[in-house]
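Read from first to last, the chains carry the letters A, B, C and D; within each, the first residue is number 1.
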Amino acid sequence: MNDPAFILHARVYYEDTDAGGVVYYANYLRFFERARTELLRQAGAGRALLQAQDELGFVVRRVEADYLAPARLDDALEIHASIERLGGASADFIQAVVCQGRVLCQARIAVVCVSFSSMKAQRMPQHLVTALQPYVRAYSHPSEKI
Amino acid sequence: MNDPAFILHARVYYEDTDAGGVVYYANYLRFFERARTELLRQAGAGRALLQAQDELGFVVRRVEADYLAPARLDDALEIHASIERLGGASADFIQAVVCQGRVLCQARIAVVCVSFSSMKAQRMPQHLVTALQPYVRAYSHPSEKI
Amino acid sequence: MNDPAFILHARVYYEDTDAGGVVYYANYLRFFERARTELLRQAGAGRALLQAQDELGFVVRRVEADYLAPARLDDALEIHASIERLGGASADFIQAVVCQGRVLCQARIAVVCVSFSSMKAQRMPQHLVTALQPYVRAYSHPSEKI
Amino acid sequence: MNDPAFILHARVYYEDTDAGGVVYYANYLRFFERARTELLRQAGAGRALLQAQDELGFVVRRVEADYLAPARLDDALEIHASIERLGGASADFIQAVVCQGRVLCQARIAVVCVSFSSMKAQRMPQHLVTALQPYVRAYSHPSEKI
(Lines give C-alpha, C1' and ligand atoms only; values in the text may rest on other atoms or scores of the structure.)
Protein backbone atom coordinates (compact mmCIF):
# COMPACT_ATOMS: atom_id res chain seq x y z
CA MET A 1 0.00 0.00 0.00
CA ASN A 2 1.26 3.51 -0.78
CA ASP A 3 2.07 6.04 1.89
CA PRO A 4 -1.24 7.03 3.42
CA ALA A 5 -2.40 10.64 3.29
CA PHE A 6 -3.23 10.62 6.99
CA ILE A 7 -2.25 8.53 10.01
CA LEU A 8 -3.97 8.46 13.40
CA HIS A 9 -2.43 6.63 16.33
CA ALA A 10 -4.70 4.57 18.56
CA ARG A 11 -4.20 2.14 21.39
CA VAL A 12 -6.25 -1.04 21.79
CA TYR A 13 -8.15 -1.05 25.11
CA TYR A 14 -10.37 -3.70 26.69
CA GLU A 15 -13.43 -1.94 25.26
CA ASP A 16 -12.20 -2.78 21.74
CA THR A 17 -11.63 -6.48 22.29
CA ASP A 18 -13.86 -9.54 22.57
CA ALA A 19 -13.71 -12.92 24.26
CA GLY A 20 -11.65 -14.25 21.36
CA GLY A 21 -8.82 -12.13 22.79
CA VAL A 22 -8.72 -9.88 19.73
CA VAL A 23 -10.32 -6.66 18.51
CA TYR A 24 -14.01 -7.29 17.73
CA TYR A 25 -14.61 -7.13 13.98
CA ALA A 26 -17.09 -4.25 14.12
CA ASN A 27 -14.69 -2.10 16.09
CA TYR A 28 -12.24 -1.67 13.21
CA LEU A 29 -14.98 0.48 11.68
CA ARG A 30 -14.85 2.68 14.78
CA PHE A 31 -11.09 3.09 14.32
CA PHE A 32 -11.63 3.92 10.64
CA GLU A 33 -14.17 6.61 11.43
CA ARG A 34 -11.89 8.24 14.00
CA ALA A 35 -9.20 8.58 11.31
CA ARG A 36 -11.61 9.98 8.69
CA THR A 37 -12.88 12.50 11.25
CA GLU A 38 -9.36 13.66 12.11
CA LEU A 39 -8.38 13.84 8.42
CA LEU A 40 -11.36 16.15 7.83
CA ARG A 41 -10.44 18.22 10.88
CA GLN A 42 -6.85 18.58 9.65
CA ALA A 43 -8.18 19.57 6.23
CA GLY A 44 -10.08 22.43 7.84
CA ALA A 45 -13.33 20.65 7.05
CA GLY A 46 -14.20 19.44 10.53
CA ARG A 47 -17.69 18.30 11.26
CA ALA A 48 -18.69 21.38 13.26
CA LEU A 49 -17.49 23.75 10.55
CA LEU A 50 -19.14 21.79 7.71
CA GLN A 51 -22.40 21.68 9.56
CA ALA A 52 -22.35 25.35 10.55
CA GLN A 53 -21.16 26.77 7.21
CA ASP A 54 -22.85 24.52 4.73
CA GLU A 55 -25.35 22.33 6.61
CA LEU A 56 -23.39 19.39 5.19
CA GLY A 57 -22.07 16.13 6.53
CA PHE A 58 -20.88 12.74 5.36
CA VAL A 59 -22.67 9.40 5.70
CA VAL A 60 -21.22 5.99 4.93
CA ARG A 61 -22.77 4.31 1.89
CA ARG A 62 -20.65 1.17 1.52
CA VAL A 63 -17.90 -0.68 3.39
CA GLU A 64 -15.58 -3.37 2.04
CA ALA A 65 -13.21 -4.65 4.70
CA ASP A 66 -10.65 -7.45 4.65
CA TYR A 67 -9.54 -8.88 7.96
CA LEU A 68 -6.00 -10.17 7.53
CA ALA A 69 -4.70 -10.62 11.07
CA PRO A 70 -6.08 -9.75 14.50
CA ALA A 71 -5.20 -6.70 16.58
CA ARG A 72 -4.78 -7.46 20.28
CA LEU A 73 -5.07 -5.74 23.65
CA ASP A 74 -2.43 -2.99 24.18
CA ASP A 75 -1.40 -2.93 20.51
CA ALA A 76 -0.28 0.50 19.37
CA LEU A 77 -2.07 0.90 16.05
CA GLU A 78 -1.73 3.22 13.11
CA ILE A 79 -5.03 4.00 11.41
CA HIS A 80 -4.40 5.03 7.82
CA ALA A 81 -6.75 7.07 5.68
CA SER A 82 -6.44 8.27 2.09
CA ILE A 83 -8.95 9.33 -0.51
CA GLU A 84 -8.94 7.07 -3.54
CA ARG A 85 -11.63 8.85 -5.52
CA LEU A 86 -13.13 12.29 -4.98
CA GLY A 87 -16.47 12.67 -6.76
CA GLY A 88 -18.90 15.53 -6.92
CA ALA A 89 -20.99 14.39 -3.97
CA SER A 90 -19.04 11.39 -2.74
CA ALA A 91 -15.60 10.07 -1.88
CA ASP A 92 -14.01 6.65 -1.53
CA PHE A 93 -11.56 6.26 1.30
CA ILE A 94 -8.87 3.59 1.44
CA GLN A 95 -8.10 2.79 5.06
CA ALA A 96 -5.96 0.36 6.98
CA VAL A 97 -5.23 -0.66 10.54
CA VAL A 98 -1.49 -1.26 10.80
CA CYS A 99 0.57 -2.63 13.69
CA GLN A 100 4.37 -2.67 13.56
CA GLY A 101 4.35 -2.32 9.78
CA ARG A 102 1.84 -5.12 9.22
CA VAL A 103 -1.61 -4.47 7.74
CA LEU A 104 -4.19 -6.13 10.01
CA CYS A 105 -7.33 -4.83 8.32
CA GLN A 106 -7.86 -2.82 5.14
CA ALA A 107 -10.99 -1.25 3.82
CA ARG A 108 -12.56 0.81 1.11
CA ILE A 109 -15.25 3.03 2.58
CA ALA A 110 -17.57 5.03 0.33
CA VAL A 111 -19.09 8.15 1.87
CA VAL A 112 -21.69 10.51 0.48
CA CYS A 113 -21.99 14.21 1.20
CA VAL A 114 -25.51 14.98 2.41
CA SER A 115 -27.50 18.01 3.39
CA PHE A 116 -28.35 17.67 7.09
CA SER A 117 -31.83 19.08 6.67
CA SER A 118 -32.92 16.70 3.88
CA MET A 119 -30.35 13.87 4.39
CA LYS A 120 -30.13 13.80 0.57
CA ALA A 121 -26.92 13.67 -1.43
CA GLN A 122 -25.55 17.13 -2.13
CA ARG A 123 -22.68 18.34 -4.33
CA MET A 124 -19.66 19.29 -2.26
CA PRO A 125 -18.94 23.05 -2.37
CA GLN A 126 -15.65 23.95 -4.08
CA HIS A 127 -13.89 24.88 -0.82
CA LEU A 128 -14.51 21.34 0.47
CA VAL A 129 -13.22 19.70 -2.71
CA THR A 130 -10.14 21.91 -2.56
CA ALA A 131 -9.57 21.02 1.10
CA LEU A 132 -9.79 17.27 0.40
CA GLN A 133 -7.70 17.26 -2.82
CA PRO A 134 -4.34 16.94 -0.99
CA TYR A 135 -5.51 13.66 0.57
CA VAL A 136 -6.16 11.92 -2.76
CA ARG A 137 -3.73 9.07 -3.49
CA ALA A 138 -3.43 6.78 -6.48
CA TYR A 139 -3.57 3.18 -5.31
CA SER A 140 -1.99 0.09 -6.70
CA HIS A 141 -4.20 -2.18 -4.71
CA PRO A 142 -2.52 -4.67 -2.44
CA SER A 143 -5.16 -7.25 -3.23
CA GLU A 144 -7.49 -7.74 -6.15
CA LYS A 145 -10.51 -7.06 -4.04
CA ILE A 146 -9.53 -3.76 -2.47
CA MET B 1 -33.45 -9.54 46.32
CA ASN B 2 -37.24 -9.42 45.99
CA ASP B 3 -39.08 -10.49 42.88
CA PRO B 4 -38.30 -7.89 40.27
CA ALA B 5 -41.09 -5.85 38.69
CA PHE B 6 -39.77 -6.51 35.20
CA ILE B 7 -37.49 -9.09 33.58
CA LEU B 8 -35.88 -8.86 30.15
CA HIS B 9 -34.05 -11.83 28.65
CA ALA B 10 -30.78 -11.22 26.87
CA ARG B 11 -28.06 -13.38 25.41
CA VAL B 12 -24.36 -12.55 25.71
CA TYR B 13 -22.75 -12.14 22.28
CA TYR B 14 -19.13 -11.48 21.29
CA GLU B 15 -19.92 -7.75 21.08
CA ASP B 16 -20.58 -7.73 24.85
CA THR B 17 -17.36 -9.43 25.92
CA ASP B 18 -13.74 -8.36 26.23
CA ALA B 19 -10.34 -10.01 26.06
CA GLY B 20 -10.71 -11.09 29.68
CA GLY B 21 -13.28 -13.58 28.37
CA VAL B 22 -16.13 -11.92 30.25
CA VAL B 23 -18.71 -9.19 29.69
CA TYR B 24 -16.97 -5.79 29.63
CA TYR B 25 -17.87 -3.79 32.73
CA ALA B 26 -19.45 -0.87 30.85
CA ASN B 27 -21.74 -3.19 28.93
CA TYR B 28 -23.82 -4.14 31.96
CA LEU B 29 -25.09 -0.56 31.78
CA ARG B 30 -26.28 -1.28 28.23
CA PHE B 31 -28.17 -4.33 29.49
CA PHE B 32 -29.67 -2.24 32.29
CA GLU B 33 -30.88 0.42 29.88
CA ARG B 34 -32.52 -2.15 27.60
CA ALA B 35 -34.55 -3.41 30.55
CA ARG B 36 -35.57 0.08 31.72
CA THR B 37 -36.64 0.90 28.16
CA GLU B 38 -38.77 -2.23 27.89
CA LEU B 39 -40.28 -1.65 31.35
CA LEU B 40 -41.36 1.82 30.20
CA ARG B 41 -42.73 0.40 26.95
CA GLN B 42 -44.73 -2.22 28.85
CA ALA B 43 -46.03 0.53 31.16
CA GLY B 44 -47.40 2.36 28.13
CA ALA B 45 -44.81 5.06 28.65
CA GLY B 46 -42.46 4.20 25.79
CA ARG B 47 -39.91 6.70 24.67
CA ALA B 48 -41.70 7.66 21.45
CA LEU B 49 -45.00 8.25 23.25
CA LEU B 50 -43.42 10.26 26.08
CA GLN B 51 -41.57 12.43 23.62
CA ALA B 52 -44.57 12.98 21.35
CA GLN B 53 -47.17 13.56 24.08
CA ASP B 54 -45.21 15.40 26.68
CA GLU B 55 -41.82 16.32 25.19
CA LEU B 56 -40.36 14.37 28.09
CA GLY B 57 -37.63 11.82 28.49
CA PHE B 58 -35.38 10.31 31.16
CA VAL B 59 -31.66 10.89 31.64
CA VAL B 60 -29.38 8.99 34.01
CA ARG B 61 -28.13 11.08 36.92
CA ARG B 62 -26.24 8.50 39.01
CA VAL B 63 -25.15 4.88 38.78
CA GLU B 64 -24.03 2.61 41.63
CA ALA B 65 -23.07 -0.83 40.39
CA ASP B 66 -21.57 -3.83 42.17
CA TYR B 67 -19.83 -6.46 40.08
CA LEU B 68 -20.16 -9.77 41.90
CA ALA B 69 -19.31 -12.38 39.28
CA PRO B 70 -18.63 -12.25 35.54
CA ALA B 71 -21.12 -13.01 32.76
CA ARG B 72 -19.63 -14.99 29.89
CA LEU B 73 -20.16 -15.56 26.17
CA ASP B 74 -23.43 -17.37 25.36
CA ASP B 75 -24.86 -16.87 28.86
CA ALA B 76 -28.64 -16.52 28.89
CA LEU B 77 -29.19 -13.57 31.18
CA GLU B 78 -32.16 -12.13 33.00
CA ILE B 79 -32.05 -8.36 33.32
CA HIS B 80 -34.16 -7.27 36.28
CA ALA B 81 -35.64 -3.84 36.78
CA SER B 82 -37.77 -2.44 39.58
CA ILE B 83 -38.45 1.06 40.80
CA GLU B 84 -37.26 1.61 44.35
CA ARG B 85 -38.34 5.21 44.73
CA LEU B 86 -40.68 7.25 42.54
CA GLY B 87 -40.23 10.99 43.08
CA GLY B 88 -41.88 13.97 41.48
CA ALA B 89 -39.29 14.39 38.75
CA SER B 90 -37.06 11.40 39.31
CA ALA B 91 -36.94 7.69 39.97
CA ASP B 92 -34.44 5.22 41.40
CA PHE B 93 -34.27 1.86 39.68
CA ILE B 94 -32.88 -1.27 41.28
CA GLN B 95 -31.51 -3.54 38.59
CA ALA B 96 -29.65 -6.80 38.38
CA VAL B 97 -28.07 -9.09 35.82
CA VAL B 98 -28.89 -12.65 36.81
CA CYS B 99 -27.69 -15.94 35.32
CA GLN B 100 -29.12 -19.26 36.47
CA GLY B 101 -30.43 -17.71 39.66
CA ARG B 102 -27.16 -16.03 40.56
CA VAL B 103 -26.82 -12.24 40.71
CA LEU B 104 -23.76 -11.24 38.65
CA CYS B 105 -24.17 -7.48 38.80
CA GLN B 106 -26.60 -5.29 40.71
CA ALA B 107 -27.14 -1.57 40.46
CA ARG B 108 -29.11 1.40 41.67
CA ILE B 109 -29.66 3.82 38.80
CA ALA B 110 -31.15 7.26 39.40
CA VAL B 111 -32.92 8.84 36.45
CA VAL B 112 -34.40 12.29 36.11
CA CYS B 113 -37.37 13.27 33.98
CA VAL B 114 -36.39 16.13 31.66
CA SER B 115 -38.05 18.33 29.11
CA PHE B 116 -36.43 17.57 25.74
CA SER B 117 -36.47 21.18 24.66
CA SER B 118 -34.69 22.57 27.73
CA MET B 119 -33.03 19.37 29.05
CA LYS B 120 -34.09 20.60 32.52
CA ALA B 121 -35.73 18.50 35.20
CA GLN B 122 -39.50 18.46 34.86
CA ARG B 123 -42.24 17.06 37.09
CA MET B 124 -43.68 13.86 35.70
CA PRO B 125 -47.30 14.25 34.57
CA GLN B 126 -49.80 12.24 36.60
CA HIS B 127 -50.43 9.67 33.82
CA LEU B 128 -46.71 8.79 33.87
CA VAL B 129 -46.61 8.44 37.67
CA THR B 130 -49.70 6.23 37.51
CA ALA B 131 -48.15 4.10 34.77
CA LEU B 132 -44.94 3.57 36.75
CA GLN B 133 -46.56 2.94 40.16
CA PRO B 134 -47.07 -0.82 39.58
CA TYR B 135 -43.31 -1.26 39.13
CA VAL B 136 -42.41 0.13 42.56
CA ARG B 137 -41.00 -2.48 44.94
CA ALA B 138 -39.86 -2.22 48.54
CA TYR B 139 -36.31 -3.51 48.83
CA SER B 140 -34.52 -5.17 51.65
CA HIS B 141 -31.14 -4.59 50.15
CA PRO B 142 -28.91 -7.60 49.59
CA SER B 143 -25.87 -5.56 50.58
CA GLU B 144 -25.42 -2.51 52.72
CA LYS B 145 -24.27 -0.46 49.81
CA ILE B 146 -27.14 -1.06 47.39
CA MET C 1 -33.89 -10.68 -1.89
CA ASN C 2 -35.12 -14.27 -1.43
CA ASP C 3 -36.67 -15.52 1.76
CA PRO C 4 -33.87 -15.66 4.29
CA ALA C 5 -32.88 -18.94 5.92
CA PHE C 6 -32.93 -17.38 9.38
CA ILE C 7 -34.48 -14.30 10.98
CA LEU C 8 -33.59 -12.79 14.34
CA HIS C 9 -35.67 -10.00 15.85
CA ALA C 10 -33.89 -7.10 17.51
CA ARG C 11 -34.90 -3.77 18.91
CA VAL C 12 -32.83 -0.60 18.45
CA TYR C 13 -31.76 0.85 21.82
CA TYR C 14 -29.83 4.03 22.66
CA GLU C 15 -26.60 1.99 22.80
CA ASP C 16 -26.95 1.27 19.06
CA THR C 17 -27.45 4.85 17.91
CA ASP C 18 -25.19 7.86 17.45
CA ALA C 19 -25.54 11.63 17.56
CA GLY C 20 -26.82 11.57 13.97
CA GLY C 21 -30.00 10.07 15.44
CA VAL C 22 -29.51 6.77 13.61
CA VAL C 23 -27.84 3.41 14.20
CA TYR C 24 -24.04 3.84 14.12
CA TYR C 25 -22.60 2.22 11.00
CA ALA C 26 -20.36 -0.24 12.85
CA ASN C 27 -23.27 -1.52 14.92
CA TYR C 28 -25.01 -3.19 11.97
CA LEU C 29 -22.09 -5.65 12.13
CA ARG C 30 -23.05 -6.41 15.72
CA PHE C 31 -26.61 -7.15 14.62
CA PHE C 32 -25.28 -9.37 11.83
CA GLU C 33 -23.14 -11.38 14.21
CA ARG C 34 -26.02 -11.94 16.62
CA ALA C 35 -28.03 -13.48 13.75
CA ARG C 36 -25.16 -15.69 12.55
CA THR C 37 -24.63 -16.88 16.12
CA GLU C 38 -28.32 -17.77 16.54
CA LEU C 39 -28.42 -19.47 13.12
CA LEU C 40 -25.50 -21.68 14.23
CA ARG C 41 -27.19 -22.39 17.55
CA GLN C 42 -30.42 -23.37 15.79
CA ALA C 43 -28.40 -25.61 13.46
CA GLY C 44 -27.06 -27.47 16.49
CA ALA C 45 -23.62 -26.01 15.82
CA GLY C 46 -23.51 -23.44 18.60
CA ARG C 47 -20.22 -21.91 19.57
CA ALA C 48 -19.85 -23.86 22.82
CA LEU C 49 -20.52 -27.19 21.11
CA LEU C 50 -18.19 -26.49 18.20
CA GLN C 51 -15.42 -25.47 20.54
CA ALA C 52 -15.88 -28.42 22.88
CA GLN C 53 -16.36 -31.11 20.23
CA ASP C 54 -14.04 -29.98 17.51
CA GLU C 55 -11.94 -27.10 18.87
CA LEU C 56 -13.37 -25.10 15.98
CA GLY C 57 -14.80 -21.66 15.54
CA PHE C 58 -15.51 -19.09 12.84
CA VAL C 59 -13.69 -15.82 12.21
CA VAL C 60 -14.75 -13.09 9.81
CA ARG C 61 -12.45 -12.71 6.80
CA ARG C 62 -14.29 -10.10 4.71
CA VAL C 63 -17.28 -7.79 5.00
CA GLU C 64 -19.11 -6.01 2.17
CA ALA C 65 -21.95 -3.87 3.46
CA ASP C 66 -24.28 -1.46 1.70
CA TYR C 67 -26.06 1.13 3.79
CA LEU C 68 -29.34 1.95 2.06
CA ALA C 69 -31.40 3.73 4.72
CA PRO C 70 -30.89 4.39 8.42
CA ALA C 71 -32.37 2.41 11.30
CA ARG C 72 -33.60 4.58 14.17
CA LEU C 73 -34.18 4.38 17.91
CA ASP C 74 -37.00 1.98 18.90
CA ASP C 75 -37.15 0.39 15.43
CA ALA C 76 -38.15 -3.29 15.54
CA LEU C 77 -35.67 -4.90 13.19
CA GLU C 78 -35.44 -8.23 11.44
CA ILE C 79 -31.89 -9.47 11.02
CA HIS C 80 -31.72 -11.88 8.11
CA ALA C 81 -29.03 -14.50 7.58
CA SER C 82 -28.57 -17.06 4.83
CA ILE C 83 -25.58 -18.95 3.55
CA GLU C 84 -24.78 -18.10 -0.05
CA ARG C 85 -21.80 -20.40 -0.48
CA LEU C 86 -20.64 -23.25 1.72
CA GLY C 87 -17.01 -24.16 1.08
CA GLY C 88 -14.72 -26.71 2.66
CA ALA C 89 -13.32 -24.38 5.29
CA SER C 90 -15.36 -21.24 4.72
CA ALA C 91 -18.82 -19.84 4.14
CA ASP C 92 -20.31 -16.66 2.70
CA PHE C 93 -23.31 -15.28 4.50
CA ILE C 94 -25.82 -12.93 2.92
CA GLN C 95 -27.36 -10.77 5.62
CA ALA C 96 -29.76 -7.88 5.84
CA VAL C 97 -31.26 -5.54 8.40
CA VAL C 98 -34.91 -5.08 7.53
CA CYS C 99 -37.51 -2.76 9.06
CA GLN C 100 -41.18 -2.97 8.06
CA GLY C 101 -40.30 -4.81 4.87
CA ARG C 102 -37.60 -2.36 3.81
CA VAL C 103 -33.93 -3.38 3.56
CA LEU C 104 -31.87 -0.83 5.49
CA CYS C 105 -28.49 -2.54 5.24
CA GLN C 106 -27.36 -5.62 3.35
CA ALA C 107 -24.08 -7.43 3.54
CA ARG C 108 -22.03 -10.35 2.33
CA ILE C 109 -19.84 -11.65 5.16
CA ALA C 110 -17.19 -14.26 4.53
CA VAL C 111 -16.21 -16.40 7.50
CA VAL C 112 -13.48 -18.99 7.82
CA CYS C 113 -13.55 -22.06 10.02
CA VAL C 114 -10.45 -22.09 12.22
CA SER C 115 -8.89 -24.37 14.78
CA PHE C 116 -8.91 -22.51 18.09
CA SER C 117 -5.51 -23.81 19.10
CA SER C 118 -3.68 -22.71 15.93
CA MET C 119 -6.15 -20.04 14.64
CA LYS C 120 -5.47 -21.55 11.19
CA ALA C 121 -8.12 -22.41 8.60
CA GLN C 122 -9.48 -25.90 9.07
CA ARG C 123 -11.82 -28.04 6.96
CA MET C 124 -15.27 -28.23 8.49
CA PRO C 125 -16.14 -31.72 9.74
CA GLN C 126 -18.98 -33.40 7.85
CA HIS C 127 -21.48 -33.01 10.72
CA LEU C 128 -21.00 -29.24 10.56
CA VAL C 129 -21.44 -29.10 6.78
CA THR C 130 -24.58 -31.20 7.09
CA ALA C 131 -25.93 -28.94 9.83
CA LEU C 132 -25.37 -25.80 7.76
CA GLN C 133 -26.65 -27.17 4.42
CA PRO C 134 -30.33 -26.31 5.12
CA TYR C 135 -29.38 -22.63 5.44
CA VAL C 136 -27.90 -22.36 1.94
CA ARG C 137 -29.94 -20.18 -0.41
CA ALA C 138 -29.41 -19.31 -4.08
CA TYR C 139 -29.37 -15.55 -4.47
CA SER C 140 -30.39 -13.37 -7.33
CA HIS C 141 -28.63 -10.39 -5.98
CA PRO C 142 -30.64 -7.25 -5.38
CA SER C 143 -27.73 -5.11 -6.50
CA GLU C 144 -24.78 -5.77 -8.72
CA LYS C 145 -22.40 -5.33 -5.87
CA ILE C 146 -23.87 -7.77 -3.39
CA MET D 1 -11.60 18.47 42.96
CA ASN D 2 -7.85 18.39 43.60
CA ASP D 3 -5.29 18.18 40.86
CA PRO D 4 -5.58 14.70 39.42
CA ALA D 5 -2.62 12.34 39.49
CA PHE D 6 -3.05 11.48 35.83
CA ILE D 7 -4.78 13.08 32.83
CA LEU D 8 -5.56 11.41 29.51
CA HIS D 9 -6.85 13.41 26.56
CA ALA D 10 -9.64 11.96 24.47
CA ARG D 11 -11.85 13.22 21.68
CA VAL D 12 -15.56 12.40 21.44
CA TYR D 13 -16.35 10.57 18.19
CA TYR D 14 -19.68 9.38 16.75
CA GLU D 15 -19.05 5.92 18.26
CA ASP D 16 -19.27 7.46 21.75
CA THR D 17 -22.56 9.28 21.27
CA ASP D 18 -26.20 8.26 21.13
CA ALA D 19 -29.39 9.53 19.54
CA GLY D 20 -29.79 11.99 22.40
CA GLY D 21 -26.88 13.87 20.81
CA VAL D 22 -24.63 13.26 23.81
CA VAL D 23 -22.13 10.66 25.02
CA TYR D 24 -23.98 7.44 25.93
CA TYR D 25 -23.91 6.91 29.69
CA ALA D 26 -22.09 3.57 29.57
CA ASN D 27 -19.30 5.03 27.46
CA TYR D 28 -17.94 7.23 30.24
CA LEU D 29 -16.84 3.94 31.80
CA ARG D 30 -14.83 3.22 28.66
CA PHE D 31 -13.11 6.61 28.98
CA PHE D 32 -12.40 5.91 32.65
CA GLU D 33 -10.81 2.56 31.87
CA ARG D 34 -8.58 4.06 29.19
CA ALA D 35 -7.21 6.51 31.77
CA ARG D 36 -6.66 3.84 34.44
CA THR D 37 -4.84 1.70 31.88
CA GLU D 38 -2.55 4.57 30.86
CA LEU D 39 -1.91 5.50 34.51
CA LEU D 40 -0.77 1.92 35.15
CA ARG D 41 1.37 1.96 32.02
CA GLN D 42 3.02 5.23 33.10
CA ALA D 43 3.62 3.72 36.55
CA GLY D 44 5.55 0.89 34.94
CA ALA D 45 2.77 -1.50 35.90
CA GLY D 46 1.19 -1.97 32.48
CA ARG D 47 -1.16 -4.87 31.92
CA ALA D 48 1.30 -6.93 29.87
CA LEU D 49 4.05 -6.58 32.48
CA LEU D 50 1.74 -7.36 35.42
CA GLN D 51 0.41 -10.42 33.69
CA ALA D 52 3.83 -11.70 32.62
CA GLN D 53 5.70 -10.99 35.87
CA ASP D 54 3.09 -11.72 38.47
CA GLU D 55 0.09 -13.31 36.73
CA LEU D 56 -1.89 -10.42 38.15
CA GLY D 57 -4.52 -8.06 36.85
CA PHE D 58 -7.24 -5.72 38.05
CA VAL D 59 -10.99 -6.22 37.86
CA VAL D 60 -13.65 -3.65 38.65
CA ARG D 61 -15.65 -4.43 41.78
CA ARG D 62 -17.82 -1.33 42.15
CA VAL D 63 -18.66 1.83 40.23
CA GLU D 64 -20.30 4.99 41.57
CA ALA D 65 -20.77 7.59 38.86
CA ASP D 66 -22.48 10.97 38.88
CA TYR D 67 -23.56 12.43 35.57
CA LEU D 68 -23.49 16.21 35.91
CA ALA D 69 -23.58 17.49 32.33
CA PRO D 70 -23.39 15.82 28.94
CA ALA D 71 -20.30 15.51 26.74
CA ARG D 72 -20.98 16.08 23.06
CA LEU D 73 -19.59 15.13 19.67
CA ASP D 74 -16.14 16.61 18.95
CA ASP D 75 -15.58 17.65 22.59
CA ALA D 76 -11.94 17.52 23.61
CA LEU D 77 -12.06 15.78 26.98
CA GLU D 78 -9.67 15.36 29.85
CA ILE D 79 -10.03 12.05 31.64
CA HIS D 80 -8.72 12.36 35.19
CA ALA D 81 -7.56 9.48 37.35
CA SER D 82 -6.20 9.44 40.89
CA ILE D 83 -6.00 6.78 43.56
CA GLU D 84 -8.02 7.67 46.64
CA ARG D 85 -7.23 4.58 48.67
CA LEU D 86 -4.56 1.96 48.12
CA GLY D 87 -5.31 -1.25 49.99
CA GLY D 88 -3.49 -4.54 50.17
CA ALA D 89 -5.40 -6.18 47.34
CA SER D 90 -7.56 -3.33 46.10
CA ALA D 91 -7.63 0.33 45.17
CA ASP D 92 -10.26 3.04 44.84
CA PHE D 93 -9.86 5.38 41.91
CA ILE D 94 -11.42 8.82 41.75
CA GLN D 95 -12.02 9.74 38.13
CA ALA D 96 -13.61 12.55 36.19
CA VAL D 97 -14.44 13.52 32.64
CA VAL D 98 -13.69 17.21 32.26
CA CYS D 99 -14.35 19.56 29.34
CA GLN D 100 -13.05 23.13 29.33
CA GLY D 101 -12.59 23.06 33.09
CA ARG D 102 -16.08 21.73 33.80
CA VAL D 103 -16.63 18.32 35.40
CA LEU D 104 -19.17 16.43 33.27
CA CYS D 105 -19.00 13.07 35.03
CA GLN D 106 -17.20 11.96 38.17
CA ALA D 107 -16.78 8.51 39.57
CA ARG D 108 -15.31 6.37 42.29
CA ILE D 109 -14.23 3.03 40.87
CA ALA D 110 -13.09 0.21 43.14
CA VAL D 111 -10.77 -2.35 41.58
CA VAL D 112 -9.43 -5.57 43.01
CA CYS D 113 -6.11 -7.18 42.22
CA VAL D 114 -6.67 -10.77 41.10
CA SER D 115 -4.58 -13.73 40.12
CA PHE D 116 -5.34 -14.48 36.47
CA SER D 117 -5.23 -18.21 36.98
CA SER D 118 -7.74 -18.33 39.86
CA MET D 119 -9.49 -14.95 39.33
CA LYS D 120 -9.33 -14.63 43.14
CA ALA D 121 -8.24 -11.54 45.04
CA GLN D 122 -4.51 -11.45 45.60
CA ARG D 123 -2.29 -9.13 47.65
CA MET D 124 -0.39 -6.70 45.46
CA PRO D 125 3.37 -7.33 45.45
CA GLN D 126 5.43 -4.54 47.00
CA HIS D 127 6.80 -3.31 43.65
CA LEU D 128 3.24 -2.67 42.48
CA VAL D 129 2.27 -0.81 45.65
CA THR D 130 5.41 1.29 45.33
CA ALA D 131 4.65 2.03 41.69
CA LEU D 132 1.10 3.17 42.49
CA GLN D 133 1.93 5.21 45.62
CA PRO D 134 2.74 8.42 43.70
CA TYR D 135 -0.80 8.45 42.27
CA VAL D 136 -2.53 8.54 45.66
CA ARG D 137 -4.31 11.83 46.37
CA ALA D 138 -6.27 12.99 49.39
CA TYR D 139 -9.72 14.10 48.29
CA SER D 140 -12.03 16.69 49.69
CA HIS D 141 -14.96 15.41 47.76
CA PRO D 142 -16.81 17.82 45.53
CA SER D 143 -20.09 16.22 46.48
CA GLU D 144 -21.22 14.30 49.53
CA LYS D 145 -21.74 11.19 47.53
CA ILE D 146 -18.39 10.92 45.84
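Heads up, the rule we're going with is that contacts are C-beta pairs under 8 Å (C-beta built on N, C-alpha and C of every residue); 3 or more make two chains touch, one makes a residue touch a chain.
Quantities reported herein were computed from a predicted structural model and do not represent experimental measurements.
Compared with chain D, the chain whose C-alpha mean position is the greatest distance off is C.
Across the two interfaces under comparison, C-D and B-D, the one joined by more C-beta contacts turns out to be B-D. With centres taken as mean Cα positions, chain D sits 35 Å from chain C.
Work out the mean CA point of chain B and of chain D, and you get 24 Å between them. For chain A, residues touching at least two other chains, in rising order: 14-15, 20, 26, 30, 33, 73. Interface residues of chain B, counted against chain A in their complex, comprise 14-15, 17-22, 24, 26, 72-73. Put simply, chain D touches chain A in their complex at residues 11, 13-15, 30, 33-34, 37-38, 46-48, 73-74. Taken together, the chain D residues at the contact with chain B in this complex read 20, 25-27, 29-30, 33, 57, 59-67, 70, 119, 145.
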